[in-house]
Amino acid sequence: MNDNTSTTSTGSTFFLQLKDVSKSFGTHKVLDGITLDVAEGEVVAIIGPSGSGKSTLLRCINFIAAPDTGAVIFEGHTWKTFHSKINFLANKRYQKKLTTLRSDIGMVFQNFNVFPHMTAAQNVMLGLTKVRKMSKAEARKAAESALSQVGLSDKFDQYPEKLSGGQKQRVAIARALALKPKVMLFDEATSSLDPELVSGILEEIRRLAGTGMTMVIVTHEMNFAFQVAHRIVFMDQGKIVEIGTPEQIRNPIEARTKAFLSAILN
Amino acid sequence: MVSAEPFFDFTSVWSSMGILLKGFGLAMFCATAAIIIAIILGLIVALMRLSSVKAIKTFAFIYTQLFRGIPLYVLVIWVYFGLAIAVGINMPAIMAGVVTLGLLNSGYLAETFRSGITAIDRGQVEAGMALGLSKREVTRTIVLPQAFRIIIPPLGNQYVDAIKDTAILSIVGVPELMRETQQLADLHYRPFEFYTFAGFLYLLAVLTVSRGIAILEKKLSAHSAQTPVNTAS
Amino acid sequence: MKTNSYKIDWNVIDKYMPELLKGLSITLEISAVGMALALIFGLMMAVGRLSTNKFVSRISNAAVQLCRSIPLFVLLFWVYYGLSLKFNILLTEFQAGALALGITGGAYMAEVFRGGLLAVSVGQTEAGLAIGLNKGQVFRGVVLPQALRVVIPPTVNVYVGLLKGATIVSVIGVSDMIYVAQYVSLDTFTPFELYTVAGLIFVCLTLSISGFAYLLERRLGRSRAHG
């Protein structure tokens, strides 16, 4: 699928940029000075051993986990963690502004995180009515079309309890896509799935890549990453060790990358 | 005992039915009012316990521990007689009873609510945030509806306990079922019959509430994968 | 009520502390006897509920439901005045109080015991039978020791409940701490001080026992995880 080896497939300015992002949990430094540029339409896959900070990195992009230091630049707008110890209202305003960033960035989780108390359609409609301020009827139509696109046209009114893991993840993908995001983040989207359901979800992601969606994908599916991504990022211990095209990473410069890949591929 | 009288004689119970049912109604009113107060206070205290401000958290912790440790009987006497005598706060008996019962139950409910809220998977909150929902919207549309389901069974148990506890309010003169039963039992000299009948009314109330809770729980859990089907028998 | 004339005087506490503590010892005693009865009733009802005999399990179920639904306060009067008058069962105040506590506590203990017995997996019984133990040996040697661990922390909580419940036995004339507070304040007219102190003593007592149960639960939970 990927024969495009250039690092910036479209656009000259960087669409999404992380600048020196760091984050600690207690004394443990999870992210240590991450800088990463993503061009519009580019697919970036992040690989690395568990605990290397991949998932936290994704969460810093949409500030679900706020970076301690550093900035995220998205469509020319710079986002930094803001917290005033005294100005309660300013904090609130800032939190509100963050929701606009988040609504432009879709995210799909390892554990699906579909809302169990809502039907498939209601899951998708929630963001449409609350964030996009659609009417119920409009939202319902949009939800149905989003669900149909991921192959769930017969499951609109099912509760997640009645759905398989793969179907739940499809609901989650439809929920994110319905908001027409400009970037999609995938956080190990297939890791909780039964083996036979993995390929279906990977197929959805591949299809999405084909539409020119900008994506950042954290995954353990190496073959998939090397096929779909324009660039691959190898992370270890909170740092980016190596970035490159799939061809470049296949023959890595860094010893750690080499060790990781040989362990994974054997 | 006079031998001509039948061994079990409920005629005086039947003839006092009006008073007894009125007392029963008052008991149910007290329990319901107390539980409503307890839900409101309990929710506030539960949110305080989840606060990041240490002083608020500590206060809430002491609050729950204190009210879970005091016996109702001691507190209601203290509130009704003690406060009146020492600081001049003179409440009507019903009010003192409802307030006391509400305070004690709020201590328990605060813990129930807290564990219900913390039981919601962090991923649910993240998913809501990722959609661009505000913090308040996440709490309202995602966290609370799910927490509500977890809370229903223990909340039902608390209501049942509150109904049973209203009997103790007779001590400060609230004319609820137990108070009326005591007076009628003395008046007619039929303690066995009257206390048996009172017990029957409490049983009826408790069974009805338990049944209602079980039905509600079943209805709610029909949609949710996360609610364990575990009804108190 | 002349509220202004009331002067809070904590000296009365010093003076009557021995009496209060004597009352407390009676509270502890009656709750202990009540708890002992609760353990017996509870075990009977729990075993009954798990019985394969439908009749026995139904009766036990109904008994648990009944005992759980009737307020302790009502039970107390029913036992002390109702039973004794009707059937000429003459119980002392203390006996009646302990019996009422035992009935209420028994219903809760039945649930606790049932939970404990059900918590031991069938595989454990099978393993016991497989090495040639008979049913009784399996129960005593395999099931019971494991069930006890699950049962102990909630049992302590039931006791705390009974201890709090035991405060009402003064209404039938058991001379517990509350009773002492009542009759001393008739003399001294210092109910505020006496009830405040009695309440605080109870809070300390129940909280320390609950705290103990919490620690026990953590310890047993840990050792179970290692076992």
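All chains are identified by letter, namely A, B and C, in their written order; residue positions are counted from 1 within each chain.
Keep this in mind: a residue touches a chain if its C-beta (ideal position, glycine included) is under 8 Å from a C-beta of that chain, and two chains touch if they have at least 3 such contacts.
To keep track of the chains, here are their UniProt names: A, B, C = Unannotated protein.
Note that the structure is predicted; figures quoted are calculated from it, not measured.
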Worksheet entry | Chain centroid nearest the full-protein CA centroid | B
Worksheet item: Quick one: which chain's Cα centre is the longest way from chain A's?
Response: C
Fill in: Length of the line joining the C-alpha centres of chain A and chain B, rounded to whole Å
46
Practice prompt. With chain centres taken as the means of their Cα atoms, state the distance from chain A to chain C in Å.
Written response: 55
Worksheet entry | Interchain centroid distance [CA atoms averaged], chain B/chain C, Å | 20
Worksheet entry | Numbers and ranges of chain A residues touching at least 2 other chains | none
Worksheet item: For chain B, which residues are in contact with chain C within the complex?
Response: 7, 65-66, 68-75, 77-78, 81-88, 90, 160, 164-168, 170-171, 178, 181-182, 185, 191-196, 198-199, 202-203, 206-207, 233
Item to complete: Report the residues of chain C in contact with chain B in the complex, numbered from low to high.
Response: 1, 3-4, 6, 8, 61, 65-66, 68-75, 77-78, 81-83, 85-86, 164-165, 167-168, 171, 178, 191-192, 195-196, 198-199, 202-204, 206-207, 210
Worksheet item: Where on chain A is chain B touching in the complex?
Response: 59, 62, 64, 95-96, 99-107, 109, 111, 113-117, 126-127, 130-131, 159-161, 172, 175-176, 179, 185
Fill in: Residues of chain B defined as touching chain A within the complex
121, 123-124, 126-135, 137, 141-142, 145-146, 149, 223-226
